[in-house]
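Each of the two complexes below includes chain A, the first together with chain B, the second together with chain C.
Here is the complex of A and B:
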């Protein structure tokens, strides 16, 4: 065991960097989020208002973007989980010689630049893109499906981009499930399906939780892919915040939106951790 | 009526034979141990019985049913693992209830049987705890209760006591034996610990390199080992090099060099053959002073005290040393190095086997 004092020493360098270059700047934004912008002049001095936050809650447009962002985060997480678990299970439990090639295959997309990958999806999903052309050629549809500038497009793109994170987390968790415990369930009368549902799945809960939190947080804060696949009009929180800062130069509203997003993320992570712990008996 | 039997059961991985065509029959309520060094195939047999490893050859029968191809959940066995393998996400109560729920036991009967099983292992008040809140010995008892609760046709143990410390192991041995006798459940117990195997079992199967060396009662295994391997594996053997000096009838004598020779009650090697000689430490009687008639003279070279027993290394001649032991409460418990002693060795306790085939 590492003594507390040594533990503190070990995390000290990172803690200092994070405090100086992350925590302090973020906290400095907090007063800004209660300020007011004077067009053409920047921050109005001495103003202290809750209006930015009130607007986020009352304004229909902001509310829609918030729900869209959370929904996107939820659906991408669920899609990554459903697509990732079988693959992770195969990597963790399949033949030894498949393991490295499969993991390389999972990681491989991450070696391509994010912009390139997003352009790839544009080429595939656009109205005259590969997918629509193919479906029209085959006579399955008459007019192009709308696969971009909407939730579908963002979901497809983001699921693809964040799937590796989920799979890697799940592989580690599934490999940690003791085979003896599964064998014990089998000898006590569990079918293969029941062993999976009653033992493997709950015991891999730490990985499910870690992977889900990671994918959820990455999704709701993603900027490049939503900008490219969502276009200028279909916005999520990250693109909205970017525009408030860079296009409208409205720093107070951008800051308020940032804090609102962070608070929601923390709240959802806390809730899902509690639920998972209860389900998997870790509490 | 046989409860569990194997017919020419075998397992190979590629070219490697892990278990070679083993046939044996275990009677109803019998406690049978498979004993051998690691890698001898005993655990593979257990896992084949449980359905966790598929046999390459042969059949497994539980009662009159051929279960060779059945999946583990259809066999109705209880298995206790060395690692305990409790469900960490379930309470002790739910761990024990797991097998019962799978057999559609519910309501009041479920509750009764879980509590009964927990009471049997003296953990009646621990139902609400999680496995991680228990000590190793308690976890092992939960594992036993979990295996017993569904009333299995055969109970299997895979080195269940190996992870416990020495004192707890002795307690659990006695507890296990009492439980098994009380319930009369047919038991197959795998271990590398001869003390465990001999004290718990009705019959012991000693295995080496996938081959059953001997399958007999503990007394027979100990006193009449069938092969050189069994002789050198059981007890605390002295292993020496020698040659067959003389043959008469079924026995004869072996020469250990340095003018020392020993009578052996049974010898199946020709005169002059090089042999490995195995003599149990505990079969040697050590007395202080000059040689009694028929005993071997020697001097103490080293003394080692281990609680109840004292071990002496006795030099019989240049290059010929034997380890002998005596009670630490006896008159010869504190002999100094250099003390002359005599060793009386029963001819029945001297085993000789061909020099190359003595080990495994």
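Here is the complex of A and C:
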């Protein structure tokens, strides 16, 4: 055991840095979100209004962007689950000698610069990109498909970006499913599909939930990929915040949007941890 | 147990899994191919073969200064995060402070908050305090986003540690710090190296916080690529991306060979 005095000394430097460069800046954003912008002059002094938040809830455009962001989060999560589960299953249950090479092939794109990966998708999905050229050359389409600056492009790009996180979560979950429970079900006459549906899938549910929450939160917070594949017109919440700050210079509205996004991310995480605790309590 | 109920992946699962692996590598391959194209616009498959774009990137002062800035930020923030994060994790692990669970959540909070929110919060804060555009502010911003990885890997490594080893060193007369440096630190080193690698890459990768904090010409590599893509694509972006791909691949393989990196992911 070390003394509390020493413990505090060890922890104080980091606590101070995080307070000074994270907690205080985020809290200082709060009063801004109740402020009002005077065009060309910055914040109006002494104004305290709920208008920014009211606008987010009532304005059709903001509501559309919020629903689009949430929908994107949902679809990307489902796509990551459907693509990730077979791969995670192969890594967890396939031949031992494939395991490390496959994991490395999952980690490699994850470690790769996000901007570089999004750039790769632009080269693939653009009007004169690889995918459209290939389809036209094969005679399958006459005019290029619109694969960028819309939901399709964002879904493909974001699924690619966050799939590795899902796979790694699922591998851990599937490896935790006891093999003898599956064997017992099989011995008792369950078909392969039934063993999977009745034993493997439910027992890997905590991993599925954890992976889904992670991918959902990362997706709704993403800025770089939506900006690069969505362009300046097809917006999600993060790119809208970026524009409010960098182009429209409306900081109050941008900070209100920031808190709305934070509330969604933190709310989802809080909800899932409560759910997990309930599950743990039942077991 | 029959052959098809032993839980081994069947051919359908295996094929799907390999298709997903290909999907994961496709944009990487495309970027590399585009970097060698002789045309000034991006074409795939590349028309002809040239190294000219690499030459262009490596002689472009804007790219060189961005690369230098990225490396300074990544190295600086990783070292600072390591020192601050390991010290904090050690105190938390030893339950030397009250409310250690709440403190751990606080240290991890930068991972939970959307990066863009941290970015705009620091933009306002730095504008008010005059830190905007300076290296110190950027460095601290990168410490905030990298330190959770260090704390997490340090806590994970420490929790796998046999406390008796350090106690033995203390009994044999080592001071608290000597016991930590000579016994505990070497034991948690592989986990820390993995955490440091994550921190380094997180810093090197970051756009959503950095882009709000840089001013004028002093930019980082990912922000420079990000902004040049918005202005139109030419193959030098693919060339600099290829350099990043190769560097990432080499680092990943080295980390795997030296200490089995995949175990720490």
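We take it that the second predicted complex is superposed on the first by the 241 of 283 C-alpha atoms of A that agree within 3 Å, B and C clash if a C-alpha of one lies under 4 Å from a C-alpha of the other, contacts with A are read in each partner's own complex, and residues count from 1 in each chain.
FYI, a residue touches a chain if its C-beta (ideal position, glycine included) is under 8 Å from a C-beta of that chain, and two chains touch if they have at least 3 such contacts.
Predicted, not measured: the structure shown is a model, and the values here were computed from it.
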- Message: For A:208, using the defined touch cut-off, is the partner it touches chain B, chain C, both, or neither? Pick first, second, both or neither.
- Response: neither
| message | Touch test for A:183: chain B only (first), chain C only (second), both, or neither? | response | both
Across chain A, the partner (chain B or chain C) reaching more residues is C
Self-check item: Partner chain in contact with A:164 - chain B first, chain C second, else both or neither
Solution: second
| message | After the superposition on A, what does A:191 contact: first (chain B), second (chain C), both or neither? | response | both
Chain A residues where the chain B and chain C footprints coincide 183, 186-187, 190-192
So, in the complex, the side of chain C touching chain A is made of residues 1-2, 4-10, 13-14, 16-17, 20-21, 23-28, 30-31, 34, 42, 44, 84-85, 87-88, 90-92, 94, 96-98, 103, 106-107, 109-110, 112-118, 120-125, 128, 140-141, 143-144, 147, 151, 176, 201, 204-205, 207-208, 211-212, 222, 225-226, 229-230, 233, 237-238, 241, 244-245, 248-249, 251-253, 256, 261-262, 265
The residues of chain B that touch chain A in their complex are 50-52, 71-73, 75-79, 81, 83, 85-91, 98-99, 102-103, 130, 143, 146-147, 150, 156
Note: in the complex, chain A contacts chain C through residues 1-4, 6-8, 10-11, 13-15, 17-18, 20-26, 28-29, 32, 83-84, 86-87, 89-91, 93-94, 100, 102-109, 111-117, 119-124, 129-130, 133, 160, 163-164, 168, 179, 182-183, 186-187, 190-192, 195, 200, 217, 220-221, 223-224, 227-228, 238, 241-242, 245-246, 251, 254-255, 258-259, 261-262, 265-266, 269
In the complex, the residues of chain A that touch chain B are 178, 180-181, 183-192, 194, 198-199, 202-203, 205, 280-282
